[in-house]
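Multiple structures are listed underneath, in structure tokens.
Here chain A shows up in two complexes: once beside chain B, once beside chain C.
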Partner chain A sequence: MKIIARFDWAKFGLPLAFIAMLIVFTIINPAFFSGRNMIQTTRQGAILFLVVSGQTLALLVRGIDLSQGSVMSLVSVATISSIYGLGAYAGSVVGILFGGLCGFANGILIAFLGIPPILTTLGMLFIALGIELVYTGGVTLTNLADIDQGRLFWFGGGMVGPVPVPVIFAVIIGLLFYYLLKHTAFGREIYLIGSNADAGYMAGINSKKVIVIVYTLSALLASLGAFFLTARLSMGFPHLGEGWLVLAIGGAVLGGTSVLGGKGGILEALLGSMVIVFLDNGLIISGVSSFAREAIIGAVIIFACLASVIRSRA
Partner chain B sequence: MISQTSTIQFDQKSVHAMNWRLYWERYGVIAAFIIVLILASVMAPNFLSVSNILNVLTTMSFVLFVTYGQTLVILSGGMDLSHGSLVSLTCMASAALVAIGHPWMGLSAGLAVGAFCGLINGAIIGVIRLNPIITTLGMLYMAGGLALYFTDGKSIVGGDPAKVQGFHFLAEGRIFHIPFVIILALVFLLLTHFLLRHTRFGNHIYALGGNEEAAEIAGISYAKMKIIIFTLSGLSCGMAGSLLSARMLSGEPQVGAGTFLLESIGAVVVGGNDIFGGMGNVGRTLIGLMILHFLGNALNLMGISTFTQQIIVGVVVLLFCYLGLVHKK
Partner chain C sequence: MGRKALLGVCLAFVFALGAILVGTLPAGAKQLEIAVMVPNGVDPYFTAKRYGYETECEKLGVKMLFLDAGGYANVNKQIGQIEDMLQRGVDGIILGATSAQGTVPVVDKVIDKGMPLVIDNLDSLTKKPVLRIMKNGVLVGLLRAVYIVEQLKGKGTVLVLPGPSAVSLCQEEHRGFVEYAKHFPGIKVITEWTPSSPDAGMKTVEGVMQAHPDLKAIACFSPPLSTGAVKAVQASGVKKGDIIIVGQMLDAGMEEYMKNGWLQATVMCDHIEMAREAVRMLVKEIKGELKPPLYNQIDHYLVTEGTLEQFDRKGSTYPKEWRK
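Up next, the complex of A and B:
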């Protein structure tokens, strides 16, 4: 009993639940643990991880980014239509920069005009969505030139050896942000602003600059996720980002990042996004309908958050 | 004890500036509404016809119910993001019973499902004190999934036309040429206003939104209040969902997926209620929603795509924030 009591549930509870979940799904259907399925799922997980990391940054400075989903849709459309004119590589960069621009606007509005993050990003949610829907008229953009389609598809659907390309990008970006948050002055400023903004001000942190950068990065990471999804589909889908906002916030909070700022990080984002992606995949393989899956994932997010709240009070 | 003496020196000029600011905060939204009306009637053809105005008001009324619930939630210092999906879910629940010939049962089922989902939200937020945004975001996802799961994403149609006439009247009927749903929405506006301004419960909502800790010290039960408020918010979605099923005589699993949530929060914010609670009233919400709807309608009449409406709401919310018309403590 003593061992159980001394066991740090807050730290290892979720990883254990994650492993237990993997085992249960493997028993239900052994195909779950097959190499092919694992590779496909990590591809999906890498994309979610990028989006969740962006949300984590916003949550760390005690903000929230509600615009991620529609920024993703915007990027999908912007990427494909830029590729029409600029070719695969330059077009992709331009498309992703469009997303970054939305984030930059968010940051400016929040930091310099003092509009609360939740309102700013809610406004941006609809502005970005409206812009891309007006631009496309709600129609999916297809018909890429063959050469562009081949180049673009590699980013989303390609493999390097046994590893999907998005996973490689996600690992590099993840390491970069881990270093940024844990080992640089900028990372510490983010945590300080989130946990005690007044103290941050007294310490001479230029919090406006940090906030603008954070929201730009949040949108850029979501844009990267959208880019990989778009690359895999090879088309500009105006509803690409629907439903991603819940997964982004849910993944971040599930992993252990606090909505009250200053607590959490990239490892939490990784864990949260992996749990969601493998849960979703396991439910598919167990034959649960897609609509029921949405309901189950919603419930899991709530219950996991409940557990964390109860734990923190005990 | 920390003794603190602060001397504020009022000179005539700054008092005037303060007064202007106060007036601007209080009545600026009404000024904005009038400007929208004038611009719309000048620029959009046929905007000022009776049939157009009634049309806008009718469409608006369905959303209005939801915004009442949102007003209660936001005034008490929370936010309910589950509105869109709850409308879809309650519309399906209601339509399921309408289709087998029990319209009034359908209405009750819609209300009950809405209230039940709201109760769950309220219990999680009130008792366990989970963040309202996370809780209702989860509920948004869950209810949205359930609404689709019922019928595998298909709509529910059918029902005996003779039996559902009275039910259909709720949404489509007219009394002295005025659509019944507008009257219903106004009645509920008055009820909500009464609830907020003339009952102890309403006072407690303002107290909770103004200063949570102080309200609790004063003996207001946080858990009880949150449970009731979110149940009412869910109930308001049930009302909208049932009325939509009465209007269409069918259940669409994604009826609330469009702009419901946006308009419900947008109306409260644009109307000038404090986004963090404690200040505002339901009349402001009405004006907020009217600004959004009349603006959208005018642009529609001018031949601008319906998708622009989303841009407009976004821009209006941000612009009003910037102009100081949106309260943010």
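Up next, the complex of A and C:
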């Protein structure tokens, strides 16, 4: 009993629940733990992890980025239409930068004009959606040249040995951001602004600069997620990001990032993303109906939000 | 004369001139303005139909306002759009409803106000007399089922991706499929309701393929879901044709899949012609030449790799150079 009482549930509760979930789903259907299923689920998880990491950064500075889903849709069509003219590699970079530009605009509006993040990013949600719908007229962009399609597809659907390409990129980016948040002055500034903005100001932190960078990075990470998804589908889908915002916020909070700022990080983003994708996948494989799946995932996210609030108050 | 007085005289002159111009215009010169309202404009089905609406409006000299609810679940947004059009006083509305039940009150309001209305394919279950031009969802589902059952010789596991569960047409198509398939005890049907997007289709098919390695066929409600299904099957390492995929409509990507053997068949209808007919029906109603109720049902047919090059495309495809 003492061991249970001393156990740090806040820290290790979710990882334990995650492992238990993997075991339960494997018992229900051993196909869940098959190599192929692990590969395809980690591929989905890698994309979600990138988007959730972006949202985590915004939450850490006591903000939120509601524009992520629309930015993803914009990046999807911007990438494919850029590839038409510039080829796969340059076109992809241009597409991703489009997303970064939206984040930069968010940051400027929040930091320098003082518009609350929720309103700024809500506005950007509609602006990004509007731009890409006006540009495409709602038409899905396909018909890439064979050489471009092959190059693009590698990023989303390719493998290096047994590892999906998006997973490799996600690991590199994850390590980079882990280092950034935990071992650099910039990372410490992010946490300080999120936990106590006044103290940050007193410490001489240029919070405006930090906020601009954070929102730019948030959009860039969502853009990378959109890029890998677009690459896998080899098409520019004008509503690609629909539904992703909920997963992004849910994943961040589920992992343990506080909605009140200053607590959380990349490991939490990773854990939250993995729980969501493996839960969804496990429920599909277990034959749970699509209606019940939605309810279960929603309930888990709400439970995690509640836990986050309770932890913050404690 | 002071400045204010001079400004007043100028304004009076402008108003008088405007009134004279309006008064002298022949009554018939007023351009008709109609609103076309769709639930999910990015669905290739509605993109193609938009071409039909636009070309027919141009032909008839009608001004068209195109309003997209932005998703099958956005019932409230569409209700707001319909109310906005009532306020604007457009001459008529063509409506593809987001929800068969949810839109009934606002559709009743439109009819009560005497505004001409054509319900185009996605029904609103009003009991008041209205013009309808409809696909037969049950028949669409049944056509898919007939093809799949025949190909599988009455035995095998089939995944049905009917699309968003709230859309009545999806429910009808699903019913058509299941009603036919249940006569074949060897056919096991798995249904997964999903949003109509390629990533939702891909993710779902990947999961189901793990749970059911014996999966033999996939029936998809829309081009985005068909794309997702093909991508998932391609990635799984299964040989083309080992899992039969039957889609709905035909966009450029799907046509490529069919040519390459990844997509075996698709259920078609002349939806662009259907859009044109909806405009013609509405204009006739506005002019008093057509009175509700009227139920105009269009035909459906199956296109396979073998008939891909032969079927008449003028009612279902738009020119490549057309893109808004």
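Methods note: the second predicted complex is superposed on the first by the 302 of 314 C-alpha atoms of A that agree within 3 Å, B and C clash if a C-alpha of one lies under 4 Å from a C-alpha of the other, contacts with A are read in each partner's own complex, and residues count from 1 in each chain.
Here, a contact is a pair of C-beta atoms (placed from the backbone, for glycine too) under 8 Å apart; a residue touches a chain by one contact, two chains touch by 3 or more.
Just so it is clear, the model here is predicted, and its values are computed rather than measured.
Upon superposition of the two complexes on chain A, a steric clash is found between chain B and chain C. When the two structures are aligned on the shared chain, A:163 is found in touch with neither chain B nor chain C. Of the two partner chains, chain B is the only one touched by A:246; chain C is not. In the superposed model, B is the one of chain B and chain C that contacts more residues of chain A. When the two complexes are overlaid on their common chain A, residue A:301 makes contact with chain B while staying clear of chain C.
With both structures placed on the common chain, the touch criterion links A:108 to neither chain B nor chain C. Legend: residue contacts after superposition of the two complexes on their common chain; A:137 is shown touching both chain B and chain C.
When the two structures are aligned on the shared chain, A:127 is found in touch with chain B, with no touch to chain C. With both structures placed on the common chain, the touch criterion links A:21 to neither chain B nor chain C. Of the two partner chains placed around the shared chain by superposition, chain C is the only one that A:235 touches, whereas chain B remains out of contact. Once the two complexes are overlaid on the shared chain, A:118 sits against chain B while remaining clear of chain C. Put simply, of the chain B stretches 25-33, 115-123, 205-213 or 241-249, the part that bumps into chain C is 241-249.
The residues of chain A shared by its contacts with chain B and with chain C are 129, 133, 137-138, 243, 291. Every residue of chain B that touches chain A in the complex is listed here, in rising order: 79, 124, 128-131, 133-135, 137-146, 148-149, 152-153, 262, 265-266, 269, 275-276, 305, 307-315, 317-318, 321-322, 326, 328. Contacts from chain A toward chain B in the complex involve residues 64, 109, 113-116, 118-120, 122-127, 129-131, 133-134, 137-138, 243, 245-246, 249-250, 253, 259-260, 289, 291-299, 301-302, 305-306, 309-310. Residues 40-44, 46-47, 50, 68, 70-71, 165, 191-195, 197-200, 202-204, 206-208, 210-211, 213, 223-224, 227-228, 231, 235-236, 251-253, 256, 323-324 of chain C are the ones that touch chain A when the two sit in their complex. Residues 29, 31-32, 34, 36-37, 40, 44, 129, 133, 136-140, 142-143, 157, 229, 232-233, 235, 237-240, 242-243, 280-281, 284-287, 290-291 of chain A touch chain C in their complex.
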